[in-house]
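Here chain A shows up in two complexes: once beside chain B, once beside chain C.
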Partner chain A sequence: MTLLEAEHVKAYYSIRNSYVKAVDDVSLSVDRGAILGLAGESGCGKSTLVNTLMMNIRPPLRLIDGTIVLDGIKISEMSRSKLKKDVWGILVSIVPQSALNALMPTKKIVDFVKDIFHYHTDMSRAEIVSMVRKRFEELNLSPEILHLYPHELSGGMKQRVVIAISTLLNPKLLIVDEPTSALDVSTQKQVIKLLVDLHRAKIIESMVFVTHDLAILRQIADKIAIMYAGKIVEVASTDDILYTPLHPYTRGLVNAVMTPESEVRKRGITFIAGEPPNLLNPPSGCRFHPRCPYAKPICKEVEPPIIEVRDDRIVACHLVESFM
Partner chain B sequence: MVILEVENLTKIYVVGLLRKKEILAVNNISFRVSEKEFISLVGESGSGKTTTARMILRLLKPTSGSIRFQGRDVWSLKKMEDLKWYWRQVHGIFQDPFASYNPLYRIDRVLNQVFNLIGDIGADRESLIREALKEVGLRPDEVLGRYPHELSGGQRQRIMVARCYLLKPRLILADEPVSMIDASTRAGVLNLFSRLRDEYGTSVIFITHDLGLAYYVSDRIMIMYRGEIVEEGSPEEVMENPQHPYTRKLREDVPLLYRKWSGF
Partner chain C sequence: MNPFVKFLSRRAGFLVLTFITFIFIIFLLPRAIPGNPLSTLLSQLFQRAQQNPELIKAVYRQLMEEFGIGKPLHVQFFEFISRTFTGDLGTSISAYPRKVADLVFSYLPWTLGLLIPATLTSWIIGNLLGALAAYKRKTIVDNALLPVFLTLSQTPYYWLAMILLFIFAVVFKVFPIGGAYTTGRIPALTLEFALDFLHHYTLPFLSITLSAMGGWAIGMRVMAIYELRADYVSYADSLGLPDSKILRYVFRNSMLPQITGLALNFGSILGGSLITEVVFSYPGTGFLIFTSLSRLDYPMIQGTFVLLISTLLLANFIVDIAYALIDPRIKTGYTGG
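Now for the complex of A and B:
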């Protein structure tokens, strides 16, 4: 059962007379109850993709092509006002990358929350406050936090508060975009614990977790999608991505992870040479070919098709057979 | 040969105007750095890592204790020529590279300024700069002539490392120098520090909260917690047989690639 199904989605930023092809023909689905990790380097289009998946699109970004169906509703054809009223916060919520700054500095957390509810429901202010207090208690966050100003909270606490507020209306899908990259490891773990608790308590049904940190995805994701230069290059279960990566880019990402463990030390660390391409003018054929150690002439000329190597495992690489 | 000696270093911040409150940021720490040594100072935010670095760089006056570089007390350097000598030998890379740039000038300036410290080297400056930028994985044409706000955090951090590469100091104090660089290329930038060490005998004090990075690049790891160095040893000793409870907690909290956190 899928909760979200995106097909052949193209979302481009139009700049003067050209396009930055940030999301270029991406098909992706999120199963009900699943946690999908989305990984890739900065500038590969991860953030644009997740915003497009919930139709949070504003010029210069435009949806050029493709359909997005969320919980049986074709949201790719809905107007922004209808999305605001019926979809965002209710069916899907996003915790954006800069969420630490999303809280209004001059407002107490509780006032911020009241405003949100006021927009979506007709509950009274007192009802809202008691409901939010209850939710905070469920999530092991002290309700006292509600009466503080954002600057009185630490980075990790702010992040947890933003996540708790984003899920107050029990959205079916929660998208989190690099929620832990600015935090130190112990705080990181608390934030991820909160996300896992939300999922286990069935407050949210599914989650898309965007990060460039594969070790974090190891902890929570069922499945990982690897994105490179506006394209999805591989989707597989977390174990398959980490133990038997097929796409050379996936392998490069896995081999660059520096976690303090004996397996990694034995294997050694390598890094991917070069930089991701400029999406205004991406390379021909396979977009990874200029950085790929295995590139053959065909890689430069023909864009690799998406190959379903197994149920639930797709790869976009001409040379995939030689890696299996 | 020891090049840096830190002894009983303490920093107390006094905050508040009327009701003064003291914060003990760094509490009586001592350590030595040898030539060609790569040391990591690991700890959570607020543990005093950055304060320590700022005192060594002469940006923040210690409350007590001494810092000696090549036998000379760093805080008694007063004459301009002595200070220039120090800046030439000891170089800092900061956590937030945006703060290291003047927003009104193109980034070429921070690279050109290096030559004021080195003196006239006779060679073609522009080609040296281009070579240094390539070393840190940047395309010179994409960054030269730009203003700081036009570059990403990762690009700004790489430029600071390129600056180090031009200067070739004796000691680098790098405070989270790769935090905004993608994991996939981080190792490449860190390799550059190792190369400076191998080729020019540079010592590095690498400040990070990432035990994983420290584990791979350093000769020695010092764990800092609440202003004190609570544990010190080789990467293997610290990872495989941590003694202090804080080190143990840190090790448990680091996400690993081939093992899940307990309870997840």
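Now for the complex of A and C:
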């Protein structure tokens, strides 16, 4: 059973007369109850993709093509106002990358929460307050925090408060955009634990977790999608991605992870040469070919098709058979 | 000690220090202008008392004594200080023997009546239009409004006053060329006088409102554009908060610097829109300052500036406190808590 099904999604930033192809022909699905990790380097289009998945699109970003179905509803055809009223915060919520500045600075947190949920539920403000207090207690956050201003909280606390607010109405899908990149390691752990708790308690059904940190995905994700220059290059189970990566880019990513674990350490650490391409004018054929150590002439000319190597495993690489 | 009290007392300390510095400057500057303020007064006196030269000498000595002009500067200064702190602003030279305080208070209502409504109107309209332009950025609305704001904000207010005067009072004769009411009429609470007053009021009011509006609008537009891009806006948006409510958040947060600007503006209101009042011969405090400066009326200059600076400093002080109360972030910053 899939909760979210995106097919052939193209979302481009239109800049003057050209397009930045931040999301280019991406198909992706999220199973009910699953946690999907989305990894890739900075600027590859991860944030644009997840915002597109919930149709949070504003000019200059435009949805050029593709369909997105969430919980049986074709959200790619809904108007922004309808999405705001019936979908966002209810079916799907996002924990934004900039969660540290995501709270209204001149309002107490409780007033911000009241404003948001008063406007798209039938609940009275008093009901919202008791609901959010109860939820904070469930999540081991002191309800007293609600009566503080955002600047009075630490970074990790703000991050957890934002997660609690985003999930207040038990959305089916939670999108988390690099929630830990600005936090220290011990705070990261608390945030990850909170997300896992929300998932275990079935407050949220599924989650898309965006990061460039494969080590975190190893702890929580069921499946990992690897994104490169606006395209998904490989989707597989977490173990397959980490232990038998197929796409040369995935291999590069995995090999660049520093880890103290001995079986991985033997492999040594390597880096991917070169720089991410400019999405205004991406390379021809396979977008990874200028940096790929295995590149053949065909890679420069023909865009690789998406190959289903197994039931739950897809790769977009001409040379995949030679890696298996 | 309560950090807020500490903050207040530190601010008050600065207030007193600034005030004393200002007093010193106010005292010295007019005296640096060459000329003897008594000469005009004396020449008038001279015509009347030509037959009796002795009288002139006696009056001259009496006046020098009264205004203390012949005394050494430091003596004059301490007399001025001690008088100021007892609330005595002295006697006017050019309007001798009227008291400075009485003169200022008879001119003040006209200035307040002109400037408070004009400032408030320009502030409110400017902020609303600025916010609208920011919200409609990159559309025809903003493209049309921004050049208007820029032109208005860069138009010298006195030049605008003269242009308005020329067009509407000289060429078309729709409005009178000056004064606060028709000469000879006695101010009274009658409909006839009110209409006459408004007739005279329109041009000065418009010239101040229009020239100030552009600046407010540009300030608001920039702040609102910045706020519209803030992370809390996109987060609230992604959780489904309606646009109208988000705009109110943005407006609220962009308003903070504008409130400071408004309060500081009110602080300088006593000085009037000096040249506007001169252009329209409007009997306000700005006009008073202008005439006393041109006649070197030391007590008058000192008196008006002492009042002017007191209100300015007080307004500044109130803004500091109000700001700390409105914005919780600033309160923490100020009080260190």
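FYI, the second predicted complex is superposed on the first by the 323 of 324 C-alpha atoms of A that agree within 3 Å, B and C clash if a C-alpha of one lies under 4 Å from a C-alpha of the other, contacts with A are read in each partner's own complex, and residues count from 1 in each chain.
In the analysis below, a contact is a pair of C-beta atoms (placed from the backbone, for glycine too) under 8 Å apart; a residue touches a chain by one contact, two chains touch by 3 or more.
Since we're looking at a predicted model, the values are computed, not measured.
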item: First, second, both or neither for A:T106, with chain B first and chain C second; value: second
item: Contacts of A:L242 with chain B and chain C, given as first, second, both or neither; value: first
item: Touching partner for A:I216 - first (chain B), second (chain C), both, neither; value: first
item: Which of chain B and chain C A:E41 touches, first, second, both or neither; value: first
item: Which of chain B and chain C A:D184 touches, first, second, both or neither; value: first
item: First, second, both or neither for A:W88, with chain B first and chain C second; value: second
item: Footprint overlap on chain A, where chain B in one structure and chain C in the other make contact; value: none
item: Chain C residues touching chain A - in the complex, by the definition given at the top; value: 230-232, 234-242, 245, 249, 252-253, 326-329, 332
item: Of all residues in chain A, those that touch chain B in their complex; value: 41-43, 155, 184-189, 192-193, 196, 212-216, 218-220, 242, 252-254, 256-261, 263-265, 269-275
item: Sites on chain B touched by chain A in the complex; value: 44-45, 137-139, 152, 154, 182-188, 191, 209-216, 235, 239, 249-251, 253-261, 264
item: Touching residues (chain side chain A, partner chain C) in the complex; value: 54, 56, 83-85, 87-90, 93-94, 96, 98-107, 112, 115-116, 119-120, 149, 151-152, 162, 165-166
